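Following are the structures in question.
Common to both upcoming complexes is chain A, partnered first by chain B, then by chain C.
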Partner chain A sequence: MAEIMTAREAVERYIKTGTQVCWGGFSYTRRPFTITREVIRQRDRIQHHFCTMNGGASVEEALAANDLVSRMETTYVGLEGIQPVAYSIRRRIQDGSIPLFEDYSNYGYAARTIAGRFGWPFAPMMAELGSDIPEYDTFGKAGLRGKNADGSWIDPRIPPKKFAVIDDPFDGWGLRPHAFDGGDTTANKTNAIDRTRESDKYTGNKGVKVLLVPPVLPEVTVIRAQRVAIDGTVRMEGILGPDAEQAMCAKVLIVECEQIVPSDELRATPELNHLPAHITTAIVEQPFGGYPSAVPNYYDYDWDWFVSYGRLNRKSKEEVKEWWTKHVVDTKDDWDYLQRIVGMNRLFELRATPGYGYRADLKRPM
Partner chain B sequence: MSNHDWSRAMRAIWLLNTIEVELSHLGIPVLRVPPTLRDLGDVFAQGTMSEQDRQLIEDELTRAHAILAQVVGELQEGMTQIESLLQKQPMTLITEDVAESTRSVVWQKL
Partner chain C sequence: MQQITDEAYDSYLEERGLTRTQYTTMELLAVASAREVPDGAFVFAGTGLPLLASMLAQHTVAPNMTLIMEAGIVGPKVEHLPISVSDPRGCLKGSMVSNMADTFGTTALRGYCTVGMLGGAECDMYGNINSTIIGGYWPAGVSGTGHGPHVRFAGSGGANNIASFADKVLLVMVQEERRFPERVEYLTSVAGHRGPREKKESRWDYRLGRGGELVMISDICIMRNNPETGILELDTVFPGMSVDEVVANTGWSLNTSKAQELQPPTEEELKALRMLVDPSRIYLGRRSKREAAAQQK
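Let's turn to the complex of A and B:
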């Protein structure tokens, strides 16, 4: 049964030093910033954690800027679309304070969450083949994969291999446009299926190859939703990303939300719900808590925040961390941050225009 | 009745059916409106909020009131027409579509 609690209680209870946390949301949308900010407030206790997520990544950047990341397993990183370089992460990889960084494609990561959701031992895909991503294995080089002499896992959170490549047992049949006459589709041309048939790379055999990815199985997943029923049923609106999947992969699921509602409200249209009640461990209600990201049908992202943070992000590690100290660590909780630092006026300016789901007249200069 | 006439009749019936289904889903949150607004009334009565905060909330309430009033007006027109049909009275109302510019936000997104 899901338990309603404050952000402080949820972070104190479930996020310790080194905990593997999978952070939800996608790009500017539904980022779980209430819990992110609370982790930053508790940074002296937590010290560092194992950050797993489908990148973006304003949350990752915020956590890295506070020296809270010791391991990272992710995809594209940047300050969402506005700044395609994740300066806080990059600086710490360069100076060794994030020693372990593992990279997947966005599609590869999504496939991993699908495997985790359905309890599959792995998911088949082709996306990484032909790229150099399979050549890099930071966790493997660090000796974190596989088993100890006594048969126990070296680190049970890390799969024994980053990828495995096999010969397609169906010889590419599933990729062919059987239903159509007239040759290959664009997708098959992109996959260069004929060339892969001629290659013996990866397995030593000629023929179509399939890349297998292990599931994502985090200790904690944190997502943000618009509505959560009092029993823990979760409904998200707008783009989902891999949130439903990665929520079901986790041992502990923390859902922060705009509003907690009676169960009947979500039961009336169960086909619109994404997660059943028994999946949710903790519910944290914090209106506007997704700020500065967007929560569709509630409020838009704060473009000005991203622009100004993008400028700040180019400064030194110390200056960026000091900014977080002043703006977040020194606040009591998220209401204190939202009222005193952001201001309710600004939050109401971002309220979504009904019928659109976003703020129709928000200036977004690129 | 001809197939064509049945198609026209069913178009009206399915439209009303869609509204019934949607309203039945909406009904559960609608039930929460009076107690939730009473809570808000209590917050107002405490007098602890700043004038600026009070204005922000009042702006939201004004906007919501305008949208709800428009939706209720459009539904009321539909109800009047149903009553005319049931009483087999000639239509006295203007049956033109509601102009796009005067539709409530709820309908504009359609």
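Let's turn to the complex of A and C:
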């Protein structure tokens, strides 16, 4: 039964030292900043956590800047156009203060969330072969995979293998292009499946190989949706990213939202909903709480914030942390933060233009 | 192409100190990349130059192309330049929004990724891209050195997957010798042939059943990989640059026998790029390192 609560309660209850948290949203869109900021406010208690996600890295940059990340399992730690590699994360991987980092590709991680969502023991995916991504297994090297002598998992959040490769039991029949009467309708023109059959790499047998990945099953997933019904039904708008999958496979799901709505509003068209009521654990209502990320149809990202933060985070670790103290830790909650630190004027300047979903005339100077 | 009046264009040029025929490095790169997109292509583009190039291609050589944004959008009609693969601007009037697994599975793996546009930190002679680390992969918890890599980059993101599935990869990079080693230290994405066939090190030996064509566009040249050997060779030298400069900035012995001169950007290409794709010059306004260094002199 989904419970409505404040961000403070949700974080106190569900996020402890070392908890594995899967952060939803993707890059500049629909990132759960309300819970992120609350975790930062409670940083002394939490100390650090196991960060997993497929849509970095604005939230992760904020957490890393507050020394709240001890493990990362992810695909990308950049801020794209503004800062190619999120600096707080980068410096800590380099100097060792983030001691464990497991790399995946977007598709690899997404395939893991599909396995999680559908309850499969693993999911097949056909990329990452030939690269070094499967060759380096950080968690394995750290001794975190597999079972203890008594049969319990060494770390139940970490699968016993990073990946596996099998010979396709269906001999590539299902792979595109599938030749019906001499041709198929894919747009791709280079089709060399047969060329790959000659190789016996990975399994020692010739034929078609398939890479398998285990599911990702987070202890806690945090996402931001535009609307959540009072019963916990979730509807997202605009870009979906990996959120529905990441949410479905979580033990605890915290959904922050712009607005809690009556159940009938979302249940009138269930085909437009993304998550069913029964999987939502906690609902936190915080309008504008996705700031500085964009929430489609509501507000745009704050370009200026990202540009100035991208300059700020290159200062000393202490100075950056002090900035977060002043701007976030010293605020009572997100209402305080958004009104006092950000200001309603700025929030209203970011309001989405009808018909676009973002602020069509947003000024974006470098 | 949309109608742009001469008046509007002239005033745009005057305001920014540009001319109809002269171009910056970023503009040149965008035009050279756009030309590589075949009409009807399904293009996976990351942010920055790849997106500029894709949007320009849609206005010029490839009006029937479909843009795929990694966050899961199929075929958007972009009006304002996105600065992220998940920028809501990249969602405008899309045919469908899907999840991340759809982008790479439903779209790419099923055969609808014909051109991928990527960036990278290092690229080697076989077109392997490194966007992960330099100076040791292992993080501090397992490295035994007390620290992690010397330099940590953003990681694969979708690059590995795009390189695995695309017919053709466009790789845009800054040309510096240290970024073009014989072999990358860490192989993030197999964008070309991967290695010599005779040693069973090719992409097909590693079960990648598509792709192999790589075009590397830097700020001074274009390289293409030889369809037989898979090794990147010099294809085009940019105006004002010499073959020697390219060779000096490549970490392997570069074949230059096929080098030709670039057809410079046309007025029409520049106009579309400036007026339709990035009028605020969010990316076009950036200067390459070489340009900045030259201007300082």
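Note that in this section the second predicted complex is superposed on the first by the 343 of 366 C-alpha atoms of A that agree within 3 Å, B and C clash if a C-alpha of one lies under 4 Å from a C-alpha of the other, contacts with A are read in each partner's own complex, and residues count from 1 in each chain.
Simple rule for what comes next: a contact is a pair of C-beta atoms (placed from the backbone, for glycine too) under 8 Å apart; a residue touches a chain by one contact, two chains touch by 3 or more.
Note that this is a predicted model, so its numbers are computed, not measured.
Asks: After aligning the two structures on chain A, examine chain B and chain C and state clash or fit.
Replies: Fit.
Asks: One more residue to check, A:D95. First (chain B), second (chain C), both or neither?
Replies: A:D95: touches chain C, not chain B.
Asks: Between chain B (first) and chain C (second), which does A:T269 come into contact with in this model arrangement: first, second, both, or neither?
Replies: So A:T269 only meets chain B here.
Asks: Taking the superposition as given, does A:E38 touch the first partner, chain B, the second, chain C, both, or neither?
Replies: A:E38 sits against neither chain B nor chain C.
Asks: Just to be sure I read the superposition right, which of the two partners does A:E128 touch: chain B = first, chain C = second, or both, or neither?
Replies: Second partner only.
Asks: Tell me which touches more residues of chain A here: chain C or chain B.
Replies: Partner with more touched residues of chain A: C.
Asks: Touch check for A:E61: first (chain B), second (chain C), both, or neither?
Replies: neither
Asks: Contacts for A:P354 in the overlay, against chain B (first) and chain C (second): which applies, first, second, both or neither?
Replies: In the superposition, A:P354 touches chain B alone.
Asks: Once the two structures are placed together by chain A, how many degrees is the angle at chain A between chain B and chain C, based on Cα centres and rounded to a multiple of 10?
Replies: With chain A as the vertex, the angle is 90 degrees.
Asks: In the superposed arrangement, does A:D302 touch chain B (first), chain C (second), both or neither?
Replies: neither
Asks: So in the superposed three-chain picture, is A:M344 touching just chain B, just chain C, both, or none of them (first/second/both/neither)?
Replies: first
Asks: For the superposed model, what is the least distance in angstrom between any CA atom of chain B and any CA atom of chain C?
Replies: In this superposition, no C-alpha atom of chain B lies closer than 9 Å to one of chain C.
Asks: Which chain A residues contact chain B in one complex and chain C in the other?
Replies: Residues 356 of chain A touch both chain B and chain C.
Asks: Spell out the part of chain C that touches chain A in their complex, as residue ranges.
Replies: Residues in contact with chain A: 40-42, 46-48, 70-73, 79-80, 83-92, 97-101, 103-105, 108-114, 132, 137-143, 146-161, 164-165, 167, 186-190, 194, 200, 203-213, 280, 282-283, 285-286.
Asks: Looking at the complex, which residues from chain A come into contact with chain C?
Replies: 25-29, 54-55, 57, 74-78, 80-82, 84-86, 89-90, 93-101, 103-111, 113-114, 125-133, 136, 138, 141-142, 175-177, 184, 186-193, 195-196, 198-199, 201-202, 208-209, 238-245, 294, 296, 300-301, 303, 356-358, 360, 364, 366
Asks: Quick check on the complex: what are the chain A residues that touch chain B?
Replies: Going by the criterion above, the answer is residues 261-262, 264-265, 268-269, 344-345, 348, 351, 354-356.
Asks: Within the complex, which stretch of chain B touches chain A?
Replies: The contact residues of chain B facing chain A are 24-25, 27-29, 32, 52-53, 56, 59-60, 67, 105-106, 108-109.
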